[in-house]
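What follows is a pair of complexes built around subunit A, which joins subunit B in one and subunit C in the other.
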Partner chain A sequence: MQLTGKSKAALIIGLLPAFLIYTVFAIYPIIQSFYYSFMEWDGFSEMEFIGLQNFENLFQDPLFWNSVGNNIFVVIASVFGQIPIALFIALLLNRKIKGLKIFRTIGFLPVVLSTVVISLTWSLIYNTKDGMINEILRAVGLDFLAQNWLGDTKWSMVAVCITVIWQFVGLYLIIFLAALQNIPEEVMEAAKMDGASEWVTTWKITIPMIWDTIIVAIILCISGSLRTFDLIYVMTHGGPSHSTDVMALYMFNETFSNLQYGYGSAISVFIFFFSLILIGIVKKVLGQKFI
Partner chain B sequence: MKKLGVLVLGLLLLFLTACGGGEEKTSGDSKVTELTVWNDWTENRPEYKVYKDIIAKFNEENKGSIHVKIESIPHDQYETKLRTQAAGKQLPDMFRVWPGARIQPLVEGKVLLPLNDILDTWEGKIPEGILKDYAVDGKQYAIPANISETSLIYYHKDVLAKAGFEEFPKTYDELKDLIKALNDQKVTPIALGNKAIWPLQSVYISTIADRFTGSEFLPSTLSGKGSFTDENFVKALTVVEELAKLKAFNEDFNTIDEAQSRTLFNSGEAAMHFAGSWAIGPILEGVENIDNIGVAPFPSFGGEGDTAKISGAAGGGIALNAELSGKKKEAAFKFLQFFYGDELYQGLAKSNIVVPVQVEMDDSIPEIYKTANGFAQGGLAPVYDATLTPELTDMINNGLQSITIGEKTPKELADEMQKENEQGKK
Partner chain C sequence: METTIKKTTQSALPLPQSTRKLSVKNTLIYAVLIIFSVINVYPIIWMIINSFKSEKEFAVNQFGLPRTLVIDNYIEAWGTANLGILFKNSIFICLLATILTVLIGALASYFLARIEFKLKNALYTFFIFGMLIPIHATLVPMFILLKNLGLLNNPITLLFPYIAFHLPITIFILTSFMKAFPKDIEESAIIDGCGIFRIFWSIILPMSRPALATVIILNFIYNWNEFSFALVLLNDPALQTLPLGLASFAGQFTVNYGAQMAGLTMSMIPIIIFYLFLEKEIVNGMTAGAVKG
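Now for the complex of A and B:
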């Protein structure tokens, strides 16, 4: 599009308010936390410049690496849980079936619910004494399978991840459905005339045609999982024994409960670069065309 | 292009002034001095009503000169918000604070106003030992409204009788027998909700460790004379491990919160509940037959500590912003002198809150409150999270949870704490 001088000015004026707000509320705080990350600061007293000491401590902090490990677990569980399940359901729903709208609404419902409500409900479902899962297992005589889902370090992370997957499947479902409906009818028809089976059509035509959307969904999914906080905060507080601690939760606790604003900022800076690099890699790997 | 520049500048100015517009309106033009008080009185509890009623009365009496505005923030977010605002130097005129280690950072950040000028108002009325919870280096920063005992044992008398205990166990060994007897009868011995990880530390360890080590241990260890690796302290941590191994708690104790565990106790599903004096109100309200509920101090553990003591700290203090001056400062002082008066303490006592002053008690006061009130007379032992640094508190909270699920041994936690204790002082 060609811009004349006049409309360029209009463009700048139009963007300016948004740009200013974004600068003040997003870019400036990021720069500020870079600055704080070089300081020893409890939030009240004078700041003291300590160079890279925070980062040195950070890299030697086993609890921090534990939270990084847990976070990677959440990312993997989300990408390999949410995306395939959402895609599968979207493919099923993408045909003329009765009650499509109802299914779509049901699928999307968890996304609209407040995370706190979801967390509390799932905590009840997982409860070891009278939670739904254990009650059912006991009712059918599978007592040995009943676990202390959230209270046992072996299961807590798995239990939390199942909830995370459940919560966001609906979001990607809607994204995929929208993409699927944009595939031109003619292409499908042509495939059918050439005698392609459903299976072949799905793999050779449908998925390649929405591949860009899948990549976007994967990136959204990764960045969302790296920021995950609220659900785990309510469900387990990172416990028991740090088994469900993730980076954002660890940062929150160090900053606000332990009053280490400098150290907390260093963690934020780490999360910032970690996410950036991870998403960069994913884009490189998945960026190549499908097939 | 020039026009554009002017426009940009204009917008920028507009934006900046909008940002700076948050400053307080000067109350100089009207005669009423307005004071804002922040607190966590959001729940529907009788003591909060007492606080609010007294403020309403103060406003009524000082109509036209002083007005106190109440702003309530839910408890769990309150302290985080306070600390964040303090970091941004945006505290209100008055705000609720907690004693000991929890006001220390605010004092060090010089955001609190000392109350020493008006301290003689409460001389001889509130015992020195309780006042000092809100004092740092000889300066008083708040006045206690109540005493929060953190370690009491509530129990169902009939359930214990069925297990063969007419009286509450006096020693730890007897308590273990009781737990075994209850488990044999398929009754949950102790209702515990440790999801938020503080109860095992604040309620259990504060008193249990004091029984083993004596009250001098904590301050001297923190100042570098003693060590957390002390045999007695490790023994105290081991009690928690033993209780978990004995299956003394409800199965889901690491996944439910403190209030939920109280429901478990109130319903009679669990025989005992270890909690602070804050539980008196909810229990009185939640159980069917009050006379069936007994309250007991922690048993003796055969250690070096005084068995009459119970861990506890002052509560309900309101601190003033260090930036108050002139008329506002005077008004705030006047308010505190009015607020922490006889009416408050009587009102609180009627709401079953343990108070730091002597008040008359009539027969209408429930037995468990009277008993709990009596325990405070034996002297108060330090509460761990009111004394430890935030880092150490976090460490022991998480460590105790790890001990209950066998991820850590008491010795390991003690070593870890001592290491942090030595590092923190550098």
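Now for the complex of A and C:
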């Protein structure tokens, strides 16, 4: 529709609320983050401009790099845990299985639950004394395998990652299932007629046909797990001794516990660019190779 | 084909071999699917069942059904965790944020999808960019901004980040839906003398119902489950939302597993019921939100 002079006012009225609230509360904070990252500030007293000092300190901070490393660990565990499991189950469900609906309902259930509820539930499951996992191990006579899953630096990261994987497998399962059901029946029929085995059909036809979806899922999985915060905050608070610290959590603690607003903002800026660049790289690499 | 026929004729077994092979395979497939489902749902069932056991029984009989139904855990959880207040706060903020986001977003989407003006594409890109912002990078400046505006620890504090960060996905879904309507819709309405907002309210909005359902569900679930902003922006217990309240409740009473499980069960049940009734819409909404976001 073309606008007449009179309806210019309507245009402004229509777009202004969204523009204002989005600019002030989503864009402006990001810009502020950049500004504060050049300051030394405890949140109360006067700010002091210190240039790139925060970033210099950041790049020499072993605890920060520890959190970056842990974050990458979560990303890798998510991509290599969630995507293959989800794809495998989706392929099994795509065979005109009886009870498909029930399997799908159960599969997606964890996705709708809040991260806090999931984290607290799994904290109970991992509990040393009465947790489900240790109880099962004791019941089958494997007492010696019982661990303090979240309290032992050897296991904490693995335990956290299992929960992360559990939480989101269902999302990718549904995404893959939808893509699989979009493959035209004739394609599959033709493959069968040619005598291709199921194994070959899956690898040579099914997977390539949903490859775009797989890439979208991988990108989603990376950006989602890069943002892990709630789950670890509730389950371990980054401990024991920083073994599960991730970037957002380290930023949170530096800012609000150690009152280093400038330093925390520098971490925020780092997270912002790190996310954009990583996703850019993944898009480029996966996209060019296979499409 | 030939080989299978040969095999079946040679086979002395009652079942043709290919069918037998198939049924073994099917059994395996079902076994895998059932194991997957058990892993997916058992943690939740385990917790619900154990929330009805006394502390003593939980220690000795963790995997059986409760011998007697103990509701003490529920009474304690409801009382000490202030679940009533948490529910009230969560429902209030979720409903208000969802309604406002969808209204403001739908209005903006209408102009972005249906009306020609300069900077239209730039503005659209500007909104969509928001989907790339990692929200944790904004926690600190958001805290400072709301503090400066005197809006910390206010019943409506969370409205601002919730609306701002869910507008991009809302606008994205609604705009792509509204773009698909045929062009002559508004033209006939204009001839009938309808104003621009009238067209929005009585033609475009009703036509967008499926997409509106998607964004309403999406917004509601995101807001209902949101934790980080609530954690940073609210510290008055009377204003806490359900996820925040549960997290601090669990922190206080790490020893009393029963009450903790009862609290978790109560907070989980409404969303599970909601899910079972609206499964199709919720699944569609959340996968659309994920794939497009």
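As a working rule, the second predicted complex is superposed on the first by the 266 of 291 C-alpha atoms of A that agree within 3 Å, B and C clash if a C-alpha of one lies under 4 Å from a C-alpha of the other, contacts with A are read in each partner's own complex, and residues count from 1 in each chain.
Criterion: a residue touches a chain if its C-beta (ideal position, glycine included) is under 8 Å from a C-beta of that chain, and two chains touch if they have at least 3 such contacts.
Small disclaimer: the values here were computed from a predicted structure and weren't measured.
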* Quick one: subunit B and subunit C on subunit A, clash or fit? -> clash
* Asked: So, does A:148 touch the first partner subunit B, the second partner subunit C, both, or neither?
  -> first
* Asked: Touching A:94 in the superposition: subunit B (first), subunit C (second), both, neither?
  -> neither
* Asked: More residues of subunit A in touch with subunit C or with subunit B?
  -> C
* Check whether A:128 is in contact with subunit B, with subunit C, with both or with neither, and answer first, second, both or neither. => first
* Tell me which partner A:106 touches in the superposition: subunit B (first), subunit C (second), both or neither. => second
* Looking at the overlay, does A:14 come into contact with subunit B only (first), subunit C only (second), both, or neither? -> second
* Check whether A:57 is in contact with subunit B, with subunit C, with both or with neither, and answer first, second, both or neither. => neither
* **Which of subunit B and subunit C A:258 touches, first, second, both or neither** => first
* To do: Name the contact category of A:239: first (subunit B only), second (subunit C only), both, or neither.
  => first
* Is A:201 touching the first partner subunit B, the second partner subunit C, both, or neither of them? -> neither
* Share the list of subunit A residues that count as touching for subunit B in one structure and for subunit C in the other. => 17, 24, 43, 123, 127, 256, 261
* **Residue ranges of subunit C touching subunit A (in the complex, touch as defined)** => 1, 29-30, 32-33, 36-37, 39-41, 43-44, 46-47, 58-59, 62-63, 104-105, 107-108, 110-112, 114-117, 123, 127, 130, 132-142, 144-145, 160-161, 163-165, 167-168, 171, 186-187, 190, 195-197, 200, 221, 224-225, 227-228, 231-232, 242-244, 246-247, 250, 257, 260-261, 264, 267-268, 271-272, 274-276, 279, 282-283, 286-287, 290-291, 293
* State the interface residues of subunit A toward subunit B in the complex, per the touch definition above. => 9, 12-13, 16-17, 20, 24, 42-45, 123, 126-129, 148, 150-153, 236-237, 239-242, 253, 256-261
* For the subunit A and subunit C complex, residues of the former touching the latter -> 1-3, 7, 10-11, 14-15, 17-19, 21-22, 24-30, 32-33, 36, 43, 85, 89, 92-93, 95, 97, 102-117, 119-125, 127, 130, 132, 135, 139, 166, 169-171, 174-175, 178, 195, 216, 220, 223, 226-227, 229-230, 233-234, 247-248, 251-252, 255-256, 261, 264-265, 268-269, 271-272, 275-276, 279
* Contact footprint of subunit A on subunit B as seen in their complex -> 1, 4, 7-8, 11-12, 15, 19, 80, 83-84, 86-87, 105-106, 108-111, 195-197, 250-256, 390-391, 394, 398, 401-402, 404-405, 407-408
